[in-house]
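Presented below are the structures under discussion, each in the form of C-alpha cells.
Common to both upcoming complexes is chain A, partnered first by chain B, then by chain C.
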Partner chain A sequence: AISLARIGSSGINAEYGEVGRLCYIRLGDNAGKTCVIVDLVDQKRLLVDGPHCGLARQVIRLKNLAITDLKVKIARGCKTNVVRAAVTKEDIANKFLQTSLSKKAESKKAKAALGDFDRFKLRVAKTAHNRKIRSAVRKLKKSS
Partner chain B sequence: VEPGCFLQGHLPRSSVLLASDGLSLELNGLLNGRSGGDLVPPYSALIPLLEISRSAVYRKRALYKRNKIATTPAAKETVEFKTKTVAGEKNGGTRKVPLQKAPRFYPTEDCKVPLKNRKTVKQTKLRSSITPGTVVILLAGAHRGKRAICLKQLPSGLLLVTGPYKINGVPLRRVDQAYVIATSTKVELPALPAIGDEIFKRKGKPTKNEKEMFVDSAGDSGYKISAEKIALQKEVDAAVVPAVKAVDMLQSYLRSRFTLTKGQYPHEMQF
Partner chain C sequence: MKFKCAELKEYEIVGRPLAKNDEKMPVYKMTIFAPDEIVAKSRFWYFLRQLKKVRKVNGEILRQTEMSNTSPTKIKNFGIWVRYDSRSGSHNMYREYRDVSRTGAVTQCYRDMAARHRARPHSIQIMKIETVKAADTKRP
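After this line comes the complex of A and B, so read on.
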C-alpha cells in the first residue's frame, strides 16, 4: 500500500505527493529544476527523478519541493528510462512552462538579474503605473 | 620514500658533478631513466634515498683526492697612468697623468649609502568593469550616492569622473576606483579634451621664506575654482551631455541617487 503524503490541501487543489507527480525544486543545489516523484521514502522524503533536466535520481526532502498539479503515468519505483519515456510522451516539461509557478520563478530570476539602470527604469515605471491607478481611484471616489 | 617527491624541487643543475662520481649510476636508477638535469636535488636530500650517511657520501665522492683546477684568474693589466708630453724646458719633458683623477672632495664621515631601489611605479590596474563611459556610483565624499560618468583613468591611477556637472552637479573630479561601484551601463563618449592630473593639483601653503612675518588669515578666502577649470568643465559637458541625452531615461537616471531599500543587499545585487 502506498501512503500518500498530503501537502497543503487547500480544498480546491489538493496536491498530493504521489507517484508520477511533477515537482519543482525550490531549494538546494538543484533549485529551479523539475522532477517526477518515483517513490515515497517516508512522510518527509521522496525518491525523485528528473531525466528531462539532467537531474539524477535521488532522495529529496518535501520541504525543498513545490508540488505542481501536473502528473505523469508511471509505476512506483520504475527505472529512469521509463520515467524519461513517460515525460517526453506527455511533454510535461513544456506543460510546466505554462504554469504560473514556472512563470513566477522566471520573473524572480529576471528581477535578480536586473542592473542598476534597469532597476531605476522599473521603479519609474512602477511609480507612474501606481500613480495612474491612484488617480483613477480618487476620481471614482469623488464621483460616487 | 618515493624518489619523485624530492624531484619536485627547483634546484640548479649539478649534472657535471654527478657524472664525475660513482653515485651517478645509483642516481640514474632512482630517476628511472628520467633526465635529472634540472631537478637534481642536493646530496643531503639524496641521503635518505641512497641510505648512506653524509660522511659516507664524502668518502665516496672523494673530492679531496681529485685534481684541483686552478681557478685563480689571470691578473688584468690595468693601465693607470698615461704619459703626456709637457712643454717647457725645465719641466722634464713628460709627465705621468693618472687616467682616473682622485676626487677633489672627501666627506668627513663615511655615510651609509642607501640600497638601490629598482622598483618601477606602475599605473594602478583598473577593474575590468570600469571603462571610459561607464556610469559609476560614487560611494564617498560630498557626492556620495550620485551616479557619474567615468571619463578615463588618469596617469596617477585615479579615475576622472564627471556628472556631467550640468546634470547632477558632479564636477570634473578625481576618484579612486575603490570608492566607486561600476554599473553595467556604458555611454558612448565622443572625443574629449586632454585632461591630466595637473589641473587638480592644489597650490601648497606658502613656505616660511615666501610668507610674511604675520599672515593676514582674514584675507585667505579659501579654495576658489580656477577659471581654467570652469572652462574645461563647460567643454567636457558640451561633449558628454548630448551623448547622455541620446540614451532614453539616462539623464533622469544620472540625476537620481543610489539608495538601498529594505531587502536589497549589495552582495546579492547586479549592477
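After this line comes the complex of A and C, so read on.
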C-alpha cells in the first residue's frame, strides 16, 4: 500500500495515512464521524468510507481529517461491504470510543450544549475545586 | 471566458446547421466542459464555428444533456490532451490527473494550467480526455 506523510493538523500524531486507517472527520458536513481510508487520490485527498457511521464513500481532503492510530485490515479500493465486515469484525467503532480523541470530542460537544444554569454550576464547581487545591498548596508552602 | 467557482460540468451538445427546404444537414456532437448550460452552449458554437461553416444564427442545438459521473467512488487516472495559447503562440500538451471523475480532472487541469502557465480558461481547449490505466501513465 502507498503511504503518505501527514502534514499534521493535530501535530502530536505523526501517523501515516494508509489503507485501512481509521480517521476522525474534524471539519465539514460529516464532522464528528469516523471513517476508514480506502484509497488515495493524491497527496491531499483520500477516498474514505464509513459504513458503520452511515457515511457514504467519498473523497475527503486530508486537512479535514484527524488520523487515529487504529487500523483495519482491508485491501486497497475494496468494496463497502468488505469495509463494513472488517470494521464490525475488529469492533473499531467501540475501540475508537476509548481513544482520547473521541473522549475529547465528546466533552467538547457536552460543553457546547450546556445551558446557562449548567454553566453556572460548572463555574461554582470549578471555583470550589480550585479553592481546595490552592489551600492545600498554601498549607504545604507554610509547612516547608 | 469562463468563470469557475466549483467543479465544471460535462455536457454533451448536439447541434446542426438549420435546414432550409428539407435538406439533410449534418449533425455535430461535442463534449463540452463548462460551469453551466449557457456557457456550454456558447462554447459549443465557438468551437463549431472554428471547425465547420456554421454560426449560431444559422444553426440550432438539438440536444444538450449534462453527463453524470460514472463511478464517482473509483479513483482513476485521466490523460487530458490540451491545446492552449501562450503569450507567444499556441501549444499542444498532454497532462495527467488523478481524480474520481472526468469533470474533477478537467477542473484540476484548468486550475493547473492557470497556475503553471498563466493560461486563462478562454485560451484553453480540451481536445480529448481519456482514462488511463495506472501502468500506462507517463508520470507514475
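We take it that the second predicted complex is superposed on the first by the 133 of 144 C-alpha atoms of A that agree within 3 Å, B and C clash if a C-alpha of one lies under 4 Å from a C-alpha of the other, contacts with A are read in each partner's own complex, and residues count from 1 in each chain.
By definition in this document, contacts are C-beta pairs under 8 Å (C-beta built on N, C-alpha and C of every residue); 3 or more make two chains touch, one makes a residue touch a chain.
Everything numeric here is computed off the predicted structure, so don't read it as measured data.
K.L.:
Identify whether chain B and chain C fit side by side or clash on chain A in the overlaid structures.
P.N.:
fit
K.L.:
Regarding the shared-chain residue A:Leu122, is it in contact with chain B (first), chain C (second), both, or neither?
P.N.:
neither
K.L.:
State whether A:Ala136 touches chain B only (first), chain C only (second), both chains, or neither.
P.N.:
A:Ala136 sits against neither chain B nor chain C.
K.L.:
For A:Ala75, is the partner it touches chain B (first), chain C (second), both, or none of the two (neither)?
P.N.:
In the superposition, A:Ala75 contacts neither chain B nor chain C.
K.L.:
Quick one: angle from chain B through chain A to chain C, Cα centres, nearest 10°?
P.N.:
80
K.L.:
Considering only the touch criterion stated at the top, classify A:Ala113 as touching first (chain B), second (chain C), both, or neither.
P.N.:
So A:Ala113 only meets chain B here.
K.L.:
What is the minimum C-alpha distance, in Å, between chain B and chain C after the two complexes are superposed on chain A?
P.N.:
20
K.L.:
So in the complex, the part of chain C that touches chain A is made up of which residues?
P.N.:
73-75, 98-100
K.L.:
Spell out the part of chain B that touches chain A in their complex, as residue ranges.
P.N.:
Residue positions touching the partner: 135, 137, 147, 181, 183-185, 249-250, 252-253, 256, 258, 268-271.
K.L.:
Quick one: in the complex, what on chain A touches chain C?
P.N.:
Chain A reaches chain C through residues 39-42, 47, 57-59, 77.
K.L.:
Within their complex, state which residues of chain A touch chain B.
P.N.:
112-117, 120-121, 124
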